[in-house]
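One structure, as structure tokens, below. Some questions next.
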Amino acid sequence: MIRLITNAMGLEFKNPVLTASGTFGFGEEFSEIYDLSKLGGICSKGLTLRERQGNSGIRIWETPMGMINSIGLQNPGVDNFIKYELPRMKSYNTVIAVNLGGHCEEDYFEGIYKLNESDVDLIELNISCPNVKTGGMAFGVKSSVAYNIVSKVKRICKKPLMVKLSPNAESMSEMAIACEEAGADGISLINTIQAMAIDIKKRKPVFDNVYAGLSGPCVKPIALRMVHEAAKNVKIPICGLGGIMTTQDVIEFIMAGATLVQIGTANFIKPDAAIDIIDGLTEFMDREGIDSLDEIRGIV
Amino acid sequence: MIRLITNAMGLEFKNPVLTASGTFGFGEEFSEIYDLSKLGGICSKGLTLRERQGNSGIRIWETPMGMINSIGLQNPGVDNFIKYELPRMKSYNTVIAVNLGGHCEEDYFEGIYKLNESDVDLIELNISCPNVKTGGMAFGVKSSVAYNIVSKVKRICKKPLMVKLSPNAESMSEMAIACEEAGADGISLINTIQAMAIDIKKRKPVFDNVYAGLSGPCVKPIALRMVHEAAKNVKIPICGLGGIMTTQDVIEFIMAGATLVQIGTANFIKPDAAIDIIDGLTEFMDREGIDSLDEIRGIV
Amino acid sequence: MKVINSRIIENNLISNKIYKLKVEFAGSIIPGQFFMIKTLDNSFLLPRPISVHDFNQNELTFLYRTEGTGTTKISTMRENDLIQLFGPLGNGFDINELKCKTAIIGGGIGAAPLLYLSKVLGKNADVYLGYKNDVYMDDSFRKYAGNTVVCTEDGCIGEKGFVTDFIDYNNYDAVVTCGPEIMMNKIIESCREHNVKCFASLERRMACGMGVCLGCTVETKDGYKRACKDGPVFSADELRC
Amino acid sequence: MKVINSRIIENNLISNKIYKLKVEFAGSIIPGQFFMIKTLDNSFLLPRPISVHDFNQNELTFLYRTEGTGTTKISTMRENDLIQLFGPLGNGFDINELKCKTAIIGGGIGAAPLLYLSKVLGKNADVYLGYKNDVYMDDSFRKYAGNTVVCTEDGCIGEKGFVTDFIDYNNYDAVVTCGPEIMMNKIIESCREHNVKCFASLERRMACGMGVCLGCTVETKDGYKRACKDGPVFSADELRC
């Protein structure tokens, strides 16, 4: 297991496998299924400064080897998180990342100020949520806009800062470079891809918000390309995700240049998927005679 | 069947269902399976001015509910096409579209001059192929670049001109608008999405070209969103494609605003899929008591 | 709750489109709880929520209707095949609230989760089952319930009419229901009128089934709740309908 | 060629990971042709190319080894299930070129397409089968072939060694081969040395199987050809290896 220890962004992760924001709640439910200290880390459900109810109407839709969600950042807000969720999360004995979204610059700043004073290990700045009408993804499409918000956040942020990129960005390479130049300690990608579903009986969009976010195995080939593209363009560590279901998928992301990975939708498909994947990594290293994942990282 | 007749770009289509470029060759093989005159139209394999060998190495890779291809526009060139393929295609008694790619402006112009003098019904200008190193998709990413090439082509083109857009475009709405303003008679979308696969045993990308194009049911939710986005922004007719497998998929694209659709990867999965889909359209109209697809077009 | 690959003991068609699936399972289960079920192949992605129909001696029984891709695929599984189960999930019925005279009202396949409840409540609870025209599950209920009333819309079997026509709410202290929304709404309304406490088991599209994805929202008087974790059983008092 | 949903007559394990699939099919088939095969669910997307192993009286037989998702899924299909077939596809062997003394050389599962050929060629053709350690198909070949030589790498059954060690190319006017690339390359080389005409059946990843996608390229002296339509049988003279 020691072979899996991964250092990135000034933090030590027990292994490179984190669970992805919005697919793991705040960990409590999963702690009934397995020992969370086995994880490399946990990314919290996306938080906003203030509590949010989330979107009305249908929120989940299955697609061929994928799902579309329109949760709309339902969350208890930063204060409630720090008070009620974080203490329990810290007891899980793994790296705790807070996924922070925002509607405007001030929201991000205020959230950061509060989190600066908390026990959180890592901030994952969500500039990419496609499910909220204002802000959210708007920060994640144009690299100049992203550069602006990331550099401002970085100036005030006392925690390691990982920026979560949107696959809907105009250019993944430019976006990654912009975040690196703005001072991000790392980047994670991809968030969900903007998609749509139509209910032909009702002759209406399935989602009240019309567009929503696609995730799951169907997006993996796209996510892998984007991680590779980002990795070729920046030196900061990359946390790769998008459709990871198996250890083999993780290896692919690492070969494409990812330092860390996140498990998202797979947590729904097989709730102990992350543990299988971590176990599989050790087996893979044994089989291939590898002492450290550094030997294959970015090899492609 | 008369109810399915669709007029667009100055042409009459027997029905709104065409077969997509690169998935149907020049029709010959499929003519052994079914009567091609049943189709709304056929888009030829992507042509370039001069014959191309296409890419080396593996060209096909299966992914969850999708496939990645790296054919690299292997084709006989415009002259050979006009001489050897087009006469037979014209005998199929359906709308014949030529999919034309290019590496540089001059290639496109010369191709158009030759096709102007031919029997081709429609030109589908491919500014979006992700599988050739130079040109190809480069024209399809930035809307200003697309505007430039499309307006120049339009000036010399004597056939109806449909521009095939890339899902890798920076912004689908801006791209659609740029093509409309440049004078396109219609647009078709989406081409394949840039993706990647890694062979972890070889520790190498699967494709010699590293990145290649993703298609099939997995991309449908994304394609549908893009078609909807384009339809909300332009008045020219839209030909929607990307992952269509069933009549229900077609209805969704039409409700999202498509006038025509194309069947791509489905031709491989069930070679007579297009016929099933066309038959299904009639049944759908009967069931819903609809006289014309206009009643549902763009309803969402 | 746990994730296991469980062996199928039987998976048989028992009525039009209705299958009974029996699997091995050790653990304890509250009536009204459900499992997320998936085949081991990739013919569909999200597990499907299916309620516990019956449970005893390490045998867990589900009753499901084939609707779309997932349930149709599940119906092709055979004896000894393995199937992925995740559960038990959800709050289930609060038995303490039902130690009074209770009416259990099920509509169609919606009655599936009510059998195990009826078994636990015993003769104290009467059962009302409404069907379109195809009747199933009635014999199982008769074994446990006080009184069992069966009706069909066309009267082909049992009483003719909607199940809601045959209940005298004055006879009951509590009502439990699961079935089509329109039926449940009608029952909730009647219960409010008659001041009878009422519990309804709701259905929502689910991804995780365990409370983390926030995909299965139910609008309550306290804001959104999760059908999978705060439910699927809700007190009619909480519901906004 | 046609697309049909065909009824499965049998689909049985006949050796380690090797299945024999028999389906209903009416039509005519040239030895060496193949079908694109798919289950009717969506557990995988692209049909899988599988060669005709045998054909008679409306019964088409395939022999396949479970490799990954697709073949494993196909192996779970049972009698009377329907399966999607598209074919027959490919050029098949040119029987006229093989009306001389012919050696048929198969390696492992690669021998599958050679049985129907052997049946058509009859006693005029000898058969050489090489396996790692597990031998199958040998009895079927013995029925039709002139001489049948079986060998295994470890000698557990038949001769010990590689199949290529047991062929005297001087005895033959033509050689036909299908199996691992490294085996086929060696045979092609020997045939060139001995001036024996040689035909090899090649495998490539395929999407359409009918010549339209251009996904299955084979490098030949005349440039790229399509394994599915211009092949899968190629004359060694054309090949660049």
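Residue numbering begins at 1 within each chain, and the chains themselves are lettered A, B, C and D in the order written.
One rule holds for everything that comes next: a residue touches a chain if its C-beta (ideal position, glycine included) is under 8 Å from a C-beta of that chain, and two chains touch if they have at least 3 such contacts.
Computed from a predicted model, the values in this text were never measured in an experiment.
Using the mean of the Cα atoms as each chain's centre, the chain most removed from subunit A is D. For this pair, subunit B with subunit D, the centres built from the Cα atoms lie 36 Å apart. The distance from the centre of subunit C to the centre of subunit D, each centre being the mean of the chain's C-alpha atoms, comes to 52 Å. A separation of 34 Å divides the Cα centre of subunit A from that of subunit B. Touching two or more other chains at once are residues 64-66, 216-217 of subunit B. Contact with two or more other chains is made by residues 42, 44 of subunit C.
Chain contacts here close into one cycle, and each chain has exactly two touching partners. All chain pairs that count as touching, in label order, are A-B, A-C, B-D, C-D. Taken together, the subunit A residues at the contact with subunit C in this complex read 22-25, 29-30, 32-33, 45, 53-54, 58-62, 65-67, 69, 71, 74, 216-217, 265, 267-272. Those residues of subunit C whose C-beta lies close enough to touch subunit A in the complex are 1-3, 38, 42, 44-47, 84, 86, 205-217, 223-224, 229.
Interface residues of subunit A facing subunit B in the complex, by the touch rule stated above, are 63-66, 68, 141, 170-171, 193-198, 200, 203-205, 210-211, 214, 216-222, 224-225, 228, 243, 248, 251-252, 255-256, 296, 299-300. Touching subunit C in their complex are the following residues of subunit D: 41-44, 69, 73.
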